[in-house]
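You will see two complexes here that share subunit A, one where it goes with subunit B and one where it goes with subunit C.
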Partner chain A sequence: MKMFFSVYKSCIKTALVQATAYRLNFLLSMLITLAFNLLFPLVTILIYNAGAGFPGWDFSEVLLIQGVFTLSTGLIGMTMDGLVWATMQHVREGSFEIVLLKPTSPLTFLISTNFDADSFGLLIGGGALFIVGLVFADVSIAAIPVFIVLFAAGFCVMAGMNMLMAATSFKWVGNSRIPEIFNSLMNFGKYPLTIFPAAIRGFATFIIPVGIIAFYPANALLGDWNLRTLLPVIPCAIFMLFSIFVYKRMVRAYEGVGG
Partner chain B sequence: MVGVEVKQAIKTRSDILLAVASVTFKEWGAYRSHSMVSIFVGPVFFVVQYFIWTAVFAGGGMPGMELDEVIRYFAATALIGYLVMDFADWNLSMLVRTGKFLTFSLRPPNHSFFALSQKVGHRILGFLAEFLPCYLIFMFVFGIDMRPTYIGWVLVSVALAFLMNFYVNYSIGLVSFWVVQSGGIRRVYSLFGGIFSGALIPLVFFPQSLQWVQFFLPFQYTSFVPAMVFLGRYELGGIEMSIPAIVGIQAIAVLVAFAFCELLNSFAMKKFTAVGA
Partner chain C sequence: MDVIKVTNLTKKYVTHKRGSGFGAAVKSLFKREKVEVVAADEISFSVKKGSICGLIGPNGAGKSTTIKMLCGSLYPTSGTIESLGMNPYHERKKYVRRIGAVFGQRSQLVWDIPPIDSFNMNRAIYGIGREDYKSRLSHLAGLFEIEEVMQKPTRVLSLGERMKCEFIMAMLHNPEIVFLDEPTIGLDILAKTKIRDFIREINAAGTTFILTTHDLEDISQLAEHVIIINHGKKVFDDELIKLQHFVGEKKIIELTLPQPFNAETLHELNVRLVKEKSSHEIVIEADTAQQSVGELIEKLSRKMHFTDISVKALPMEEIIAKIYSD
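Moving on, here comes the complex of A and B:
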């Protein structure tokens, strides 16, 4: 573990140096990512601005959900997005052997060496939205520990999704649209889960638990929590472990001919 | 004599277009499963939109459109997206950055026409692998009425949206002749395009002043206009227009985009040095 963090720290430094080599492009990319995510709640803003809304949810509450979602996306973007693209590229080019030769597991190596500094804008944007939501919504301070546990569980779901995407690329070689499949499912996690029918709510809580990325943590902060609120943490942990298992199995299925 | 030359020029262009489109179709056809990802992604995105807007209309509704129209609008924009999708900006930018553009500058047809022909082939594949399956899912699985009010005008408007998207994207790609790494600029355009094309949310839900501005920007002509033509009525910024009138305006906008693209192209060719090719 100590070695992992040491390698990870060095990799972050390298990634930052690389990103700032094309300073204008880096700055623009970061600002655009930031703008993209400040505009993410645009639909919500326009809906509430027109006097409409999601039944049972006021504007600041929906903003809080979307802030938590963006914050989580920013964190995962920096730490895990690179895993998908790097795995995809190595498999397509037949250079995954290089990764297999490293003195650490492929998962650790690829996560460490693919830190994405551009997603920092996403993190700032998510943080800004989250703070706005916190300021205007009626938040329960006592729920902060529950929020942290649920937020971490949501992070596990997103990390698991990234590992599954990367694992898929071992069989579905060179398909750059794999992330679109998983991202389309993430859309269910961007809005109050109560607007969806029971079947979708169940799917987004227990099968592919995207609801826990933002809805459950935000809902807990809004005071709607008890011990049963922590129940969806179990499927999240299972989902993450299952994703690690699948990735490792798929690495074994890799067939290279020496690049 | 002049007539014969014009006929010959049209024939040559048609032959090039058909040949390039056919090769592109075959090339991308090898990766048809990439396109078929849309068969999953499109309906999932639509289901999310369906429940969002059903909830919103249950809580009061939005001015300018009824729920039934909003649902048909989102189905239409998804389908139109498959027909007009384009990445000429990325492609041109890559060719300039790597120096591979040199080989295109030595060929008889200019690259913009070559790229347009590629797009035709690519989108024919999109029609078969994305549009048709999703159209059938929307019609028969979700039970959405996907019959356009004026099919002829819809075809014209989608064709114009196809050209508009290409010329604007190609113009963005041409910026690469001045700034080699144009990823940031392309993302700025994509950001505004995503919002103001109407694919994310119908433009009639925007504040009045922003609706007005759209008449002078290229975005609405790529998605909002053909989707409204599909619905059979057009209104933006408090202005109601007949379908032939808005399609006429869309045609003028495409001509302006074409002229701008050609002008930029001529400047770019003077700038190109092929260093590192």
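Moving on, here comes the complex of A and C:
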């Protein structure tokens, strides 16, 4: 584990140095990511200013969900997004053997060397929204540990999805549209799940549990939790372990390209 | 003592055959014909500790696939590899810690940052002690005289400078075996010489090198043991001196003539006409054991006029043909 953190720290430093090599691009990317993601709560503001809203949810509660969602996607963007694109690129160009030459797991190496500093803007934006939500919503302090556990479970789901998307590259070379499909599905996680029909609620809870990304953690923070609320943590952890297993198995399918 | 032992190594791929053009592209959406490619076919060989072994063959012969399997990056379809007493693909993490590799067409350096930052990253990955790292880096950089180059972003380096940094990246953890896949590709003669000197120096300290190349000069200057692969099969596996016996001292000379070629001009020159590329371009083969290149050029210039001349080593295909015919 000590070795993992040492490698991770060094690779992140390298990734940051790499990101700042083009300073203007680095700053612009961060600002553009931040601006685009701060625009998305604007829709919520417009809806509530027009006298409408999501039934059963006041403005600050929705803002809290959206803050958790942005924070979570910022964190996953920074740590895991690079894995998908780097795996795709290495497999397509036949350079995955360079990854396999390193005495670490390919997952560790690719996750750490593809740390995405651009998503830092998203993390700041999410943090700001989350704090606004915390200040104005009626938050239960006792639920903070539950929130952290559920937030971590949401991270496991998204990390697992990224690993599965990356793993498909070994068999399906050039599958660049798959992340778009997942991102579309993730949009369900931006809003309170209770506003959707039962079928979508079930899908977002049990099939592809995007509800765990923001809705369940924020809902717990708002005081709506009991021990059963923690049950989804188990399948989320299993899902991530399964994704790690699938990625590792798929590495064996790597065949390179002509030399 | 053998450091690598390969037995009946086979690698088969399944690819999809697709015709060219729009129709074939549409058809391939629904039905694709599978084609099995045998990149390595029951190859067996062994490599002695501390030697330099040349693995050569024409394009698509299976050299790179064999190297990748030896590095633990590709799983063989069948056969076994025992390298440093380990199975490279089953004990990959432990194994790659003790080997190094330079792929001439794939970079291990991070493109946008100076090589020194990539070296630092490798230090953490391989868990090299700070003092060991400093002294080894200073030794390797000194051999290549690239102390200043390492501080510039990789993207601004020349190919020669970049290759030198690739070598340092591969050697920092003091590997026992180093795999080189076309390490001198595209380099000028000065850079090639520097790299060959570097390999000789590191090899003298006991490191084993496995080298694939198209440049026979690399082989003749470095390798003691040569393995030739063609169509995935091993066709030669012996000392360099035995290969030289097959090949002789033959050179290929291409001449461009100002007037149409007349075959009579080659009489008494002790050369063989290989091909008339056009009425003004010919290819001849000469045995430099019988007459030096200088003597031959002198004789040629007395017998005929030519506007251009190039002297090359015998192509790999011809060497293989000679080995087959013997």
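The criterion applied here is as follows: the second predicted complex is superposed on the first by the 256 of 259 C-alpha atoms of A that agree within 3 Å, B and C clash if a C-alpha of one lies under 4 Å from a C-alpha of the other, contacts with A are read in each partner's own complex, and residues count from 1 in each chain.
Convention: a residue touches a chain if its C-beta (ideal position, glycine included) is under 8 Å from a C-beta of that chain, and two chains touch if they have at least 3 such contacts.
Given the structure is predicted, the values throughout are model-derived calculations rather than measurements.
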Subunit A as common anchor, with subunit B and subunit C clashing or fitting: fit
Is A:Phe109 touching anything from subunit B or subunit C once the two structures are fitted on A? First, second, both or neither. second
Which of subunit B and subunit C A:Cys11 touches, first, second, both or neither: second
In the overlay, answer first, second, both or neither for which of subunit B and subunit C A:Tyr22 touches. both
Between subunit B and subunit C, whom does A:Pro145 touch in the aligned arrangement: first, second, both, or neither? neither
Figure out whether A:Phe96 sits in contact with subunit B (first) or subunit C (second), or with both, or with neither. second
Overlay on shared chain A, then closest C-alpha pair between subunit B and subunit C (Å): 5
Subunit C-contacting residues of subunit A that also contact subunit B: 22
Which subunit B residues qualify as touching subunit A in the complex? 31, 33-34, 37, 40-41, 44-45, 47-48, 51-52, 54-63, 181, 183-185, 187-188, 191, 195, 200-201, 205-207
Which bits of subunit A are touching subunit C when the two form their complex? 3, 6-7, 9-11, 13-14, 17-18, 21-22, 94-98, 100-105, 109, 113, 252, 254-256, 258-259
Touching subunit B in the complex: which residues of subunit A? 22, 24-25, 27-29, 32, 35-36, 39, 42-43, 46-47, 49-55, 172, 174-178, 180-181, 184-185, 187-188, 191, 195-197, 200
Taking the touch rule as given, give the residues of subunit C at its contact with subunit A in the complex, in rising order. 13, 60, 63-65, 67-68, 71-75, 92-94, 96-97, 99, 101, 103, 105-108, 110, 112-113, 117-118, 120-121, 123-127, 153, 181-182
